[in-house]
Structure formats: structure tokens, C-alpha cells
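Two complexes, one shared chain (chain A), two partners (chain B, chain C).
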Partner chain A sequence: MIPRIDRPGILFAVIGGAGLALPLVQFKANRIVAGEGLALPAALPLGWVATVVIAAALAAGLILRAPWLRLGAAVLGLGATVSALGGAATALTPPDDTLARVAPASGFWLMMLALSLMTADALTRLRPPLALRWLLLGAAIAAVAGVLSSGMLDGISVMREYAARQDMFLREASSHLVLAFGSLALALLAGLPVGVAIHQRAAWRGPVLSALNVMQTIPSLALFGIMIPIFGWIAATWPAAAAAGVSGIGIFPALVALFLYSLLPVVANTLTGLSAVDPAATEAARGLGMTRPQVMTRVLVPLALPVLLAAIRIVLVQNIGLAVIAGLIGGGGFGTFVFQGLNQTAMDLVLLGALPTISLALVAGIAMDLTVEASHKGAA
Partner chain B sequence: MTGRAILAVATAALLAFLASPASFAPVFAPFTRNGAPAIYTQTPILSLTLSHLALVAAAVAVSTVVALALAIAVTRPAGREFLPLARTITAVGQTFPPVAVLALAVPIMGFGAGPTLIALFLYGLLPVFENALAGLTGLPRSVTEAARGMGLTPRQRLWQVELPLALPVILTGMRLTAVISLGTATIGSTVAARTLGEVIIAGLLSSNTAFVLQGGAVVGVMAVLIHAGFQAVERLAASRAGRA
Partner chain C sequence: MIRIENLSRSFDGKPAVQDVSLTVERNQIAALVGTSGSGKTTLLRMINRLVEPSAGRVLIDGQDSRDMPAHLLRRRIGYAIQGHGLFPHRSVAQNIATVPRLLGWDKARIRVRVDELLGLFGMEPADFRDRMPSQLSGGQQQRVGVARALAAKPDLLLMDEPFGALDPVIRAKAQADLRQIQRRLGTTLVLVTHDMDEAITLGDRIAVMDAGRLVQYDTPAQILTAPATPFVRDLTGSGQRAFQLLSLTPVADLRRPGEASGTPIATDATLRDALSECLTSGREALPVAGGGIVTLDAIRGAAAE
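Up next is the complex of A and B:
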């Protein structure tokens, strides 16, 4: 009997098959000359081994039914793809050559896409319990960190850019984190009380929410730009503010712009969360003799928590992405590399900024999703 | 009513500014320093606005068509196997920062409008897809059963029952997409797309706040108007769906 072909598997096989046919890497003798694309079997010695493993993984996606086996095959394929990339860089770069560049090309990205989709699909079919999903997220982060620190990919152009500016990378990474998490913390500090206040006084809801809505329509680029002269003026007018770190240049305007964007989700979700709490629960708490603040902290906030956490997820993912724009106004963060790379048409540099941003947003999004789910279970 | 009055004033101000930017020079002059020009004149603001809108409209149109087709495909019996996968891709895709997508599209598309279109298209797929999915899968069972009982073919059920009922939710998705795209398109000017971002970036480079303000204000007012326009259409569609 012929096994039934898995239809999502066909999609992965088509994408992955195209990846196998297209160039795995692009080789340039130096940064300026036009590149030459090399497909997987030719790009490295024993390239056919990796080809066979990846093809087998894609074939497993076509015929295997058991989700665990599909997951195993996909992860194996991902491992083979990354190893092939590292191997190609080592094989193609002549020893002691610091000019040659080996960059991942379309074939590599397509194979990664196909196999990541297959991994995600297998995970959806598995429906692992919450604890296992945390474990899997941790394992994925550990695997990426392991591959990067093993030196396996050190010959790849992005990693060379990294090696050349390690100190700067760490500095920009920390300012990116300060921008994303700092603005979130500020938005929570300011937005939670505002959300509670407009929940208590319905008359304030319209004006506050409209004002925050209008703020969202200002394009991020302009909001970042407007902050510069405002804080420059404040710093110039009040020496005390300048001494406290307020400045029209650097990270400060970007932090405030991100804070302003974060306010609407926090305030609106605080209101939604509090409004969704059953009045009977608050009545009961009042009946037990709780004071207003006690009702707020012991009943309303715990019950509204899932909605609040959902707001934090939105804000965090959005701010990690928007913080890239800070790079354009000298606010630091991974955007510094992205825009520097775009100015010099140096794609390796763009990747050095874009890949960590995407990874950070993905990890933050998944971690927050798991937290939201856990809080739903806690509230129920 | 105050809301409508504010919208009308905003529309009038926007049209007046686009028709004759120079006459607004006194408004923006206080934001310049050292006698810098108050109004951006390198490229007429009207033509930048039109190409900005064209770019956003094209991206929203393409992403709506593709997202809708995908949502319909995965909710048919033949495509149901892809539904969990499509949900996962949607959730993951929404975490991709549009600026990063824009930058990564440059080597494939080159400088110009291309990368912006790709980034806006990809980012726009998700809200429409998610909402269309919610609209198509969230129909009350009684309605779908009744349509089946009336002897409608699957194709008739889709066009005459499911899509009209899901239309308000789909329009909400399009509104989200359009408003996000309008702001995000400005970033396209960092890779040489002709959008109002050009005005803002010129302001950033020459420390001319007047340019930043006028670029931002035109985009902001358009976003508010498009938001209101979509909401009006959504209300219309919702009342029709209610009657059907």
C-alpha cells in the first residue's frame, strides 16, 4: 500500500527542494566584486551528505505521520543546513584570507524556511503541554547560542562583521534592550494608573483614549524626530533636567517616543481587563469588607491579569521592532547596523542588525504567549 | 458630532496644505532655525503624498486579495489540513519587525519602492488573514446549517452567506493594515521610496523640525481620515450583514 502523502508536507518539500537547487552561499573574493552563487552539493566537500540528509528530512515530511518523528526529521534537517553553511564558509575561504566573503544565499534561506515551517507544523500537531513548550523554547535558544559560540559559523560574512565590531555590537544590543524594555516599564508605570483612573471615571475615557489614538497615527519616524528638538530645548532651558540625563541626542528621545507608542495598548487593555471582571466578584469582595484599594489589588488586578499580559506582549514585540528606527536618529540599538549597512549597501551589516532584532522579537513574542496562557490557567 | 466637525476641519486643513504648501510657511516658520526654509520644496508635497498613498493602496490591495484567498482556502474542506499551520505562520509573522523586513528586501528588490511594497505587503497579510479567518470560522452554526438546508452549493454558501457575514470583520483587518502601512511607508524613504518619509528624513538630516512636523502631520491626518472612512464602511457592512 502506498502511504498517504501529507499535504502540508508537499508545501515544505517544494520550498525545500527549490532551496536545494538554488545557491546555498554566495562567494565574493572581496567585499566589492560581484558574487558567485554555489549550490549545496558543490559548495563544500561531502556536500552530498548534507544534501541527502536535507532531502530525507523533506521526504519524511511527506510520508511520516507521527509528530515526534516529523519534529525530529525537521530539526535534523535544520542542523544539516546550518552545518553545510558553516562547512561551505570554511571550505571556500582560503586560509589567512581576510577579504573573501561567504554569505548565505537564497537556497540557504529557503531550506531554513521550509524546515522551520515543518518544525512549527510538527509542534502544532504535538500540542505539547505548557511546561514542555517552555523547555522547547529554552532548548531552541540554547541550540542557537551553542552554534554561534562554537565557531562553526565564524567564516560567514555576518559573523565576520560581528567579530570586527564585537564591542560595538554588545553596546548596541544593550541599548536596544534598554529601549524596548525601558519604554515598556515606563508605559506600565504611567499607563496602569491611567487605565485604573478611566475605569473608575467613565467620563475621562473618551478624551484619554482619543488622545492616545491620535498619538498612534503619528508615523514613528516623525515622532522620533519631534522628540529631538523638544528634549534639546528642555535640556537647554533647565540645567537640572540636563543633569538628570535629559538630552535631545542619544537614547533619550527614542525612549520617550517608544514610551508614547506603548501607552495606548497598556491603557486600553487595562480598561478592557478591568471592565471584563464580573461585577459580582467585586460586589462579593466589598461584602467581605474589603476597602476600595484592597478590591483593586486582590480581586480586580488578578482577574484582569491575562488581558494586561496580552498588552505587554503587544508592546514588547512592537517596541523591539520600532527600536530599530532609533538607529536613524542616533538613539543606538540594532538599527545602527541596519541603517549603516543600507547607507553603504553592505548587506552583511544589515543582517547583523536585522537578524538579532527578529530573533529577539520572536523569542519575546513566544515567551509572552506562553505567559499569557499560563495566566489564563491561573485566573480560571 | 464634535468628532465629525474635527474630521471636517482636518480634511480642509490637509487639502489646503496640499494645494498650497507655501501659504502655510508662517505656521511652520517658528520651528526652523537659522533662517532655514519652513516648507519642504525639493519635491512637491502633493506628489509625494500621492505616491505615498498609491504605495499603501497597492500594498493593502495585494495583501487583502492574497490573505483573503488563503483564508478561504484553509477554511474549505480540501484545505483544512493547512489551518493549524496557517495560524502558526500568522502568529509568527506578526512578530517580524517591518523595518527589518524592509531592510532585508533591499538585496532582492534593489532600492526604490520595491522593498517598501514587500514589507508592507507581508505586514499587511496578517491582520486581514487573521480577521478573515475569525470571520469565516466564527459564523453561527445555525446560519451555516440553514444555508446548507436551503440547498446552496458550497460556492453559493461562500459568496452569498459566509463572505457577506464576515465582511465587517475583514474590513476591520483592512483598516488595521491600512493605518499601520501608512505610518510604516515613511520608513521606505530610507531606501529611496518616494513617500512623505522623504520630508521627515530631510528634516532629521538638516535638524529642521518644520519638515519633520509637516511630513508627520500629513501622514497622521491621512491615517485619522482613513481610519474614520473604514469605520463608516464597516458600520454599513455590519448593518447589511445584520439585515441579510
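Up next is the complex of A and C:
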């Protein structure tokens, strides 16, 4: 009997197969010159073992039906891909050569893509309960941290860039978090009251939302163009403002820009969430003798909570990504590496900024999705 | 007792309620009826100050309703609305406990009261206490809404189209239950409805509102037999008047000695029920529970009055 072919499995196999055929790594004599691509079996000793494991994982995606088995195969394939990358770096770099670079190439990225998709697909089919999904998220973070700290990937170009600027990386990581979470906190502090206000006074809705919409359409570079002279002038004119942190460039204008971009989602979702509450429930709450603050805290906010959390999710993920542009005006964050790398045409340095940003946004997005789902269950 | 004195309210210069005065005696039900836009809901909402009057005042047991903050006033007055307005994120017990919690009752007292009310409304406490409103039928939701309004034992209960969202069968049952519970608790009840039949079934007095003014405030019998204006006459609907009249009189009033066959009818059933039973079963007379009979002739006579 011929097993039925799994359709998403075909997609994963095609992408992964292309990845196996394309170069796994690029070997460069130094970080600037063009390199030479090496495909998997030839890139490292025992490369054929990794090739077989990855091919088997992709084949499992074609024929296996049980979600747990599919998940296992995908995770095994991911492990083999990452090990092959580490192994290739160790094997290819001549001893004591600090200039040579081994960078992940198209084949590696395609295999990671195919196997990550297969993992996500298997998880979707498993429909794990909420608590298990939190555990899986934690396990995935722990696995990545384990691989990175094990030294297994230390030969890879991105990790070499990291090793060269470890202190700076930690500093920029913390300013990235300050930018993303700080602007979110400010947007909530300002946006929630505004959302509540325009919910209660319908006449203000149009003007407020239009103004925030216009703000949202200003490109970030243009916004900096406007802010740099204004804040620069303020800082130069009032020393007290400068002492409080106001400046034309640096973290202050970056924080302000992210805050402004966050206002629309926060205000609009607050309004949507509050408006979706059954008017009969608020009418009853008032009629039974709740004060206005009691109606707000006991009825409106709990019922609007899923929509408010959805706003926080949008803003958080958006700001983690947008915070990269702070690097352009000396605001710090992972953007610093991205723009340095672009200036030096050093892709490894760009990746050192981009990969943590993407991972952070991914983790924040999933964590917030799980929170939103939990709040739906609470409100149902 | 509740006394409404020269109450008026306008919205943006347009009068919604104009110079309405009426008194509802203790333990009585007053039904406010009228077409939509007649001001009946505004009048009701001025009693618990969800709408503040432009002029006039409301005296509840002799006390001016403006003597205390509006939210404290409302905690003393029950309030139930169309579509029940239950809090969807709170269990049945938490919904019913809303006002007692606002008043700071202790937990044990609240629990006893919640179970007592659920029992009163025919809902097994152990079964219903922890359900969410979405897990109830429409009729059950409505009952929980009224139980919530009665939780802190208010002397006065306001209801705005409480049965509007129910289908006719459940509505008739809910009306009968409300009537019985109101009699048992001795609550004064002011009820807004656009359904004249409902007003006649439930009201001790009916207030007919038209264009913001009180046109007639009288007993159901007077409203039916002596309408003050053509508007009141139209509202009662000429085709239904005989039936509406019959629905006002209990069978007991026409009982006389005699024997008749078949299932007896309850003494508190209305003549309308008796007429229906006579026609359906093809009988000229029905035995009344506890002795005596009621005849079709007598019913006919009562309807022609």
C-alpha cells in the first residue's frame, strides 16, 4: 500500500530539498571579500550523515500522519542543520585564522525555513492546550540559548562578530528593550485615557483618530527629520530640558517616535474594545448603583480586555521591529549593528542586529497571543 | 410609596416628559404604557436619576430623591431592563450579588441571599450558581436579571420592558411569576411596557403616556371602560377590549352553586381563561376548584358590561 502524500509536506520537501542542493555555508578569506559556497555533503567531514538525517526528516513530513512524529522529525532535522553549520565552521576555518569567515548561506536558510514551517505545522495539528504551549515556547527559548552558549556555533561569522563586541551587544540589547517596552508603557499611559475619553464623548472621535492616523502615515525618517531640529533647539534653549534628557539625536527622539507610532493602535483598540461591550451591561451597571469608576473597572475594562491586550501585542511587535531605526540617529538598540554593517557592507554584522530583533519580535508575538487567548477564556 | 410631582425633562430643548404627577401606593404595580417616544422610559429613568429631571421632584417614602448621591439612591432601588443586561464575564451568583457587594454585605450573607433568590425564581442553586450567563436560556437570563434587581431587598423595583426579548409562551409564565413574587415580597413596582395586554395583566394602575404627557392614570378596568381620550381608546384596541375586560376578573367573582362535569378550573384563573376553556372543550359550564361552577352565560354577561 502506498501511503498518502501529505500536501504541506510537499512544500516543506521542495524548499528543504532546494536547501540541500544549494550551498550550506560561504567561506570567505575575510569579512569583506566575496566567498565560495559549499553544499552540505562536502562542507564538513561526515556531512553525508547530516544530509541523510535532514532528507529523512523531510521525507517523514511527506508520509507520516501522527503530529508528534512529524514534530519529532522536524526538530531532529533542525538539530542536524544547526550541527552541520557549526561543524562546517569548525572544519573550514584554518586554526589560528581570525580573519577567515564562515557564514550561513542560502542552503542553510532554506533548510531552516522548511523545517521551521514543518515544526509550526506539526504544532498547529497537535492543538496543544494553553499551558503546554507556554512550556513549548519556554523549551524553544531554552534550546536556542543552549545551542548558542554551548560554543557549537562559535565558529560562525555572526558569532565571531558577537565575540568581538560582547559588551556592546549587551548594552544595545538593553537599550533595544528600553526603546520597545518604554515606548509601549508611554503609549499605554497616554493612549488608554484618550481611548476612554473618546469612547465617552463621541464628538471627539473623528478629530482624534484622524490626527493619529496622519501621524501613522509619516515615514519614520521624515519624523526624525522634523524632530531633530525641534528637540535640538529645545535642548539648546532650555538647559533644564537638556538635563532631563531632551536632545535632537539619541534615545530621546527615538523613544518619542516609537511612542507616536504606538498611539493609534492603543487608542483605536481601546475605543473598539469599549464600544464592543453590550450597552445593556453598562446601563444595568449604572442602574444598579455603580459609580462611573466602578462601571469602568468592574464592567468595561474586564470585557474590553482581550481587545486591549491585542493592542499591546500589535504595539509591542511593531516597536521591537521599529526600534531598529533608532540606530540611525544614535538611539542605540540592535539597529546600531544593522546600520554599522550596512555602512561596512559586512552582512554578518547586519545579521548580528537583525537576528536578535526577529527572535525578540517572534517571542513577544507568541507570548502575547497566548495571553490574549487566556484572557478570552477568562471573559467567556 | 412613590410620589412623582410635576416632573419634566427636555433633551436639547425638546420636551420628552412634561409636568407629570402620579403616585404609586406601597405594594402596588404601576404600568407605564405609550407608543415609542411617548416619554415613558424617560419618566422611569428619572425615578432612579439615570436621567436628571429638568423640573419637578420624586418623593420615595416621603424622601426627596435628590437628598442623596445618585449612585447610593440607585442601590436602594431595583432596576431590571430589556435584554437583561447581565454581566457576561460574571457567574450567575456574582451577577445577583452585584448590589449586595456594592453595599458591603459579608460573604456568608450574600451566599444565603443568592441561593434564596435562585430558589424563589425556580432555579436550583447548586445547578445554576456557577453558570455563566451565556449558559442560560433567554427565560433564565431574564429571571436572573430580575433576581439581581431584587438582591438587596429594595422596596421599589423599576423595570423597563423586562419581558420584551422573550417569546410569548415564556413571557406569559414570566409575567405570572413576577406577579406572584411581587405579591409575596410586597415590593412596589413601576414597569414600562408598550404592550397593553401586559399592562392590564400586571398593573394595579396604568399610566398612559402620549407625547411626554400623562393622559390617564387609572385602574385597568377604568382605562378599558372609560378611556379619557381617543388615544387611550385606540391604545386598548377596540377588537380586544372584551377579552381584556375578561382578563381582569377572576373566576371566583362569578362563581355560583351548581354541578358541572370535566376538569375544574382554578379560582384565580381569569374569565378569559374560563371562556377559552369553555370554547375549546365545548362546555356550557365549568366546575370551579373548591366547589361551585362558572357558566358561559355569566362570562358573556361580564364581557358585555
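Worth a mention:
Throughout what follows, the second predicted complex is superposed on the first by the 378 of 380 C-alpha atoms of A that agree within 3 Å, B and C clash if a C-alpha of one lies under 4 Å from a C-alpha of the other, contacts with A are read in each partner's own complex, and residues count from 1 in each chain.
Keep this in mind: a contact is a pair of C-beta atoms (placed from the backbone, for glycine too) under 8 Å apart; a residue touches a chain by one contact, two chains touch by 3 or more.
Worth saying up front: this structure is predicted, and the values here are computed from it rather than measured.
Aligning the two structures on chain A places chain B and chain C next to each other without any clash. When the two complexes are overlaid on their common chain A, residue A:Glu172 makes contact with neither chain B nor chain C.
Counting residues of chain A touched by each partner, chain B versus chain C, the larger count belongs to B. By the touch criterion stated above, A:Met290 is placed in contact with chain C alone, chain B being left untouched.
Of the two partner chains placed by the overlay, only chain B lies in contact with A:Gly225; chain C stays clear of it. When the shared chain is aligned, chain B comes close enough to touch A:Gly341, but chain C does not. Of the two partner chains, chain C is the only one touched by A:Pro302; chain B is not.
Touch criterion not met for A:Glu161: it reaches neither chain B nor chain C. Put simply, if you stand at the Cα centre of chain A and look at the Cα centres of chain B and chain C, the angle between them is 80 degrees to the nearest 10.
Chain B and chain C never share a C-alpha pair closer than 24 Å once the two structures are laid over each other. Contact residues of chain A toward chain C in the complex are 278, 280-281, 283-291, 294, 298-299, 302-303, 378-380. On the chain C side of its complex with chain A, the touching residues are 48, 50, 71-76, 79, 81-89, 98-99, 102, 132, 134, 145, 148-149, 158.
Contacts from chain A toward chain B in the complex involve residues 7-8, 11, 117, 120-121, 123-125, 214, 217-223, 225-226, 228-229, 317, 320-322, 324-325, 328-329, 335, 338-339, 341-342, 345, 347, 350-351, 353-354, 357-358, 361-362, 364-365, 369.
If you check the complex, the residues on chain B that touch chain A are 31, 81-82, 84-85, 87-89, 91-92, 94-100, 103-104, 106-107, 179, 182-184, 186-187, 190-191, 196-197, 200-201, 203-204, 207, 209, 212-213, 215-217, 219-220, 223-224, 227.
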